Amino acid sequence: MSAAPPRVEMRGICKRFGEVVALDRVDLEAAKGEIHALLGENGAGKTTIMNILSGLYRSDAGEIRVDGRPAPIRSPKDAIGFRIGMVHQHVELIGNFTALENILLGHEGTGWVLRAESQRGAVEEVASRYGLSVPLNERVKALPVGIQQKIEILKALYRGADILILDEPTTMLTPQEVDALFATIRKIAEGGLTVIFITHKIKEVLANSDRITVFRGGCRVGTVRRPEASRELLVQMMVGEREFPAGAGRPGAVASSSAGPPALSVRDLSLRNADIHLLKDVSFDVPAGAIVGLAGVSGNGQRELAEAIAGLLPVQAGEVTIRGRSVEKLTVAARIALGLVLIPQNRIDEGILPSLSLAENFVLGLHPYIFKRSGFFEQGTAHEMARIAIRDYNVLTRNERVPSAHLSGGNIQKVIVARAMALFRAIGGGILIANNPTRGLDIMAAAFVHARFREVREGGGGVLLISEDLDELCSICDRILVIHSGEILGGFDGPDYDVYRIGELMAGVRRRQP
Amino acid sequence: MKGAWSEEDRRHAAALAATYAAAAALALLAAALFILAFGGSIRVAFATVLQASLGTWGGFAQTLNKFCPLLLGSLAVAFGMRGGHFNIGVDGQIYAGAIGMAAVAFGLEGLNLPWPVFVPLGILGGVLAGAFWGLIPGVLRVRYRVSEIFVTVMLNFVALYLVDYLANGPWNDPLAGDAITVPIPKSAVLPQMLPKSGGHMGPLIALAAAAGIYFMMSRTIIGYEIRAVGDNPTAARFGGININRITLVIMPVCGALSGLAGAIEVSGFHQTLLLGLTGPTGAPNYGAMSILIAVIGRRHPLGVILAAAVFAILMVGSDSLQRSIGLPGSAVFVFQAIIVLTVLYVEARRQLST
Amino acid sequence: MGFVFDISLLQLTMVMMAPLIIACLGEIIIERSGILNVGIEGIVTVGSVAGFLGTFMMGSPVLGCLTAMMAGGILSLLLAYFAISMRANQIVVGLGIFVLGLGLSPLSYRLAVGVVQSPPQIKTLSGVPVPLLGNIPYVGEVLFRQNILVYLTYFLVAAVAFFLFKTPLGLRLRSCGENPRAADSLGINVTAMRYGACVVGGFFLGLAGAYLPLLITGTFTDNLVNGRGWLALMLVIFGRWMPLWAFLGALLFAYVDAFQFKVSSLPQMAKAVPPQFLLMLPYVFAMLVLVKVASGAEAPRALTRPYDRESRE
């Protein structure tokens, strides 16, 4: 074989985090001008191996070669030296800097004085070559996520990256933005660059890649060329030999919308921060015995809506009623007492008390109910309840006394869901608001969580499921609402959803184009 | 197999013991160097410290008398830290408590109350004054989002000058000199526990307060909520806990604990109100030491009791070193800070390796 | 009312302003890198004793200032080690360093000076009027008939502002305080930047300490700093982490300080108001100001957050 060596070659890469083996002797290679997809479930190791390639993590064993020569990469700086650039899933920009400052950072040119303006031309030149026009003078935090991602790509290209890594680039984008993104990626690859993108969405891989490497459980399962790949093959590679839990599948009809008030009713809710409308005249109902999904690109007001309903954010106008009772001016605790349970979006920052024990975490929010009679904190009761939850939810932990920070992300999420369900029972049901509850869970655990939501529905409770994953919403919801820029743009009844139309609304396109 | 001590607990305890042994060794080493620098003999110096603080009844009583404000002050810091609040205002709160005690003592002097009524009344005055001094940063934090660190520090100086004014002005004892008031009435004096050696009842009150805090933290709902807020305020808020309410519990309780210390200092120890009762700028700097003790004692009442006892021994012992080899009292601070930094170091090391 | 704008009052204001803003600039540099230094009071105290002893023993105020800067740098380095390399809680470590400084200063003073009848004195620096500028009536007399360190202060305010906002290094420093992961992924050495900021900031804190014996008292006493370090820490918030705003804040604080000093020296006032209430004034004023500005001030996003490249999520 006289062919040129691959652009990037990784051999026998191993990485562990504490006791967890994240990568086990993984090989990978990518060629010049290729779009190479890394496919796998959450936790399969795809992001970890790319973090090693971009110098963020150091591998425990293995070798990296670039153009056939050994490339010892120990820091992001080394990676930049080998012209490797990575765009992370959650954009790593500095919100208080302008786009131009973000792009120039670390690459400001020579001299003691910052001359941003004189570099502007060079940046604009790169931008126009790949069709990445962005407003360079705006502060980044004021820009939409799609634009921020373009800035990230521009940042890497401006540094001369010719190996571009994109980690889950589409999770925060509308279907329309996704199309534009892949057009850009194709253009970049045609320019002779190597693009590696990480995803868990098979559809994207089939539509946009040249080669596909599938990961599972920290190992490489195999690499296939796109013409040889099919949906069935990729699913089998990703999932392996596993049984799906019974009951997963299409949603049924709305269990009942008998007489009686809806579980949750929101009328004309508005929330402003200075001049920015975070929520604008939001109105909807979640009937008792129904799962209502809230679709939308992340950052369009979902978080604010959930927190406003829960009483964590003060609102300017509007009315929220839970099971027919208005919650105006009620505290968080009082709303919980009326029947509202919230599963927060960010499990680490909003969900757990890291140095308190798992048992003490489990009773957070529940504590006014289970200890009500005595007024004292009964460790025995808390531990007993936590042990039951650990068993029922299959939480991997030594016992209920370990600090919750010692648990893995997926197990923490199980604890949070278990707690929410217990609280929901304790207060006698009502409305469960879940903000991206299955992010970071494997398929089995996600199915388990969905089964719990169905139980709530069967029991006559309401669920408001906020998710960025349209597939998830379509598979379980009785109704889907779409939010964009703080406004509800439309509602769809299941079980058969017009995904493309939902995508249009997620992108803020109000009327169907003629 | 749920024995009292699992393998994991045992390992944890061993690591903890090793941490403190290392910290103590390093502090002793530093102490030895200082003593050599001042031309003293190490053996004699250590013997002096122990002899002075524990070797005689008089010394022991003195050690107990120091133990009392140290324990209450560091409880006031540790309690706040458990709830995520930093109370740097122990000095000011001690002064406030002292003023409260003195105000009751002078104000009700004419009623000729018997001591079992007068003393508790005076101490209550001190506790309330301290709680009020702690409530101010609490209210400012809740109402205006001002960090309690700043407000408590600033209030130290305000309280200092307030005592300066009272002790030089309206309550001054012209015969005693500057910055000291006339003695409080005899029936407002806290009874002695060791009458011959001059040890008052304060340490018992302080230990009771520590027990109360321990019970509150581990066995009551409000204690659980305070710990939750201290560990992750956002998660606590999501769990329905009202953080402003917690702040308005924590800060006055912190102030009340320090205020109790101030009241006991006036009622039991000095039996008058004077400048130099505590910091923030001069010795005895109870406020600064309380911060160290709270950290060394791992913010836990039991740990704080132990650390406060060690510090009290060091304080009394170093006083006698000052007389015998001229080692300044501030040296204690340096040893203590070294203990703290070593403990922090070893703990951070362990955190990093997991 | 003429008293309020009295030239000597305003001149004293400039004298009192300098140590506050020098310390505040040091803290701004440190905080902009993402480290909160609550040990500032202790570090400034050590700076004051080092400045005094350096001047006293080597006979040169310049060497005194350098000694103080070294001392400040070393203590600040200690904070940096704990906060950056050990990822310890910055507030707890800072408080430890605060107390360490509080103990270290009188100890080293006693170690160097011993027990003496009358405390040693150093000569305080005298004013050096700037030719021409110093002759401008009123404004010139206030601003340019000062000691050399006040002039240095003018320069430092401008220099730090320029450094932070107009140089590549300043941009990088701020990026470490805002989003260290982003900075790191661009090849900026976050650890080195933060260490550097702490040490350089520590130089400022030491210099601020040295200013006090060199210009105000001529001696060292235990209560020399008297909360000025804490005031500087508040000024950082007041100035919203920007040197020029902090400078204005320092002027305001210093004016109140100078005002109480001047008022208490007026015989007719001493009768009316007990001096202790005037002494309280700067601290009460500081609290009131904080109430006004605290809400709405935006700290560097990563302040107090240690950076760990390999941390997940």
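Letters are used for the chains, namely A, B and C, taken in the order the chains are written, and counting of residues starts over at 1 for each.
As a working rule, a residue touches a chain if its C-beta (ideal position, glycine included) is under 8 Å from a C-beta of that chain, and two chains touch if they have at least 3 such contacts.
Here the structure is a predicted model, which means the values were calculated and not measured.
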item	value
Of all other chains, the one whose Cα centre sits farthest from chain B	A
Leading chain pair when contacts are tallied as C-beta pairs	B-C
Separation of chain A from chain C, taking each centre as the mean of its C-alpha atoms, in whole Å	44
Separation of mean Cα positions, chain B and chain A [Å, integer]	48
For chain B paired with chain C, centre-to-centre distance based on mean C-alpha positions, whole Å	29
Touching residues (chain side chain C, partner chain A) in the complex	165-172, 174-175, 178-179, 181-189, 298, 301, 309-310, 312-313
Touch list for chain B against partner chain C, complex	34, 37-38, 86, 88, 140, 144-147, 149-151, 153-158, 161-162, 164-165, 168-169, 280-282, 285, 288-289, 291-292, 295, 326, 328, 330-334, 336-338, 340-341, 344-345, 347-349, 351-352
Footprint of chain C on chain A - complex, ascending	17, 54, 56-58, 75-77, 80, 86, 88, 92-97, 101-102, 104-109, 111-114, 155, 159, 348, 409
Chain A - residues contacting chain B, complex	18, 310, 312, 331-333, 336, 342, 344, 349-356, 360, 364-365, 367-368, 371, 375-377, 379, 398
Chain B residues within the chain A interface of the complex	8, 218-221, 223-225, 227-228, 231-232, 234-242, 354
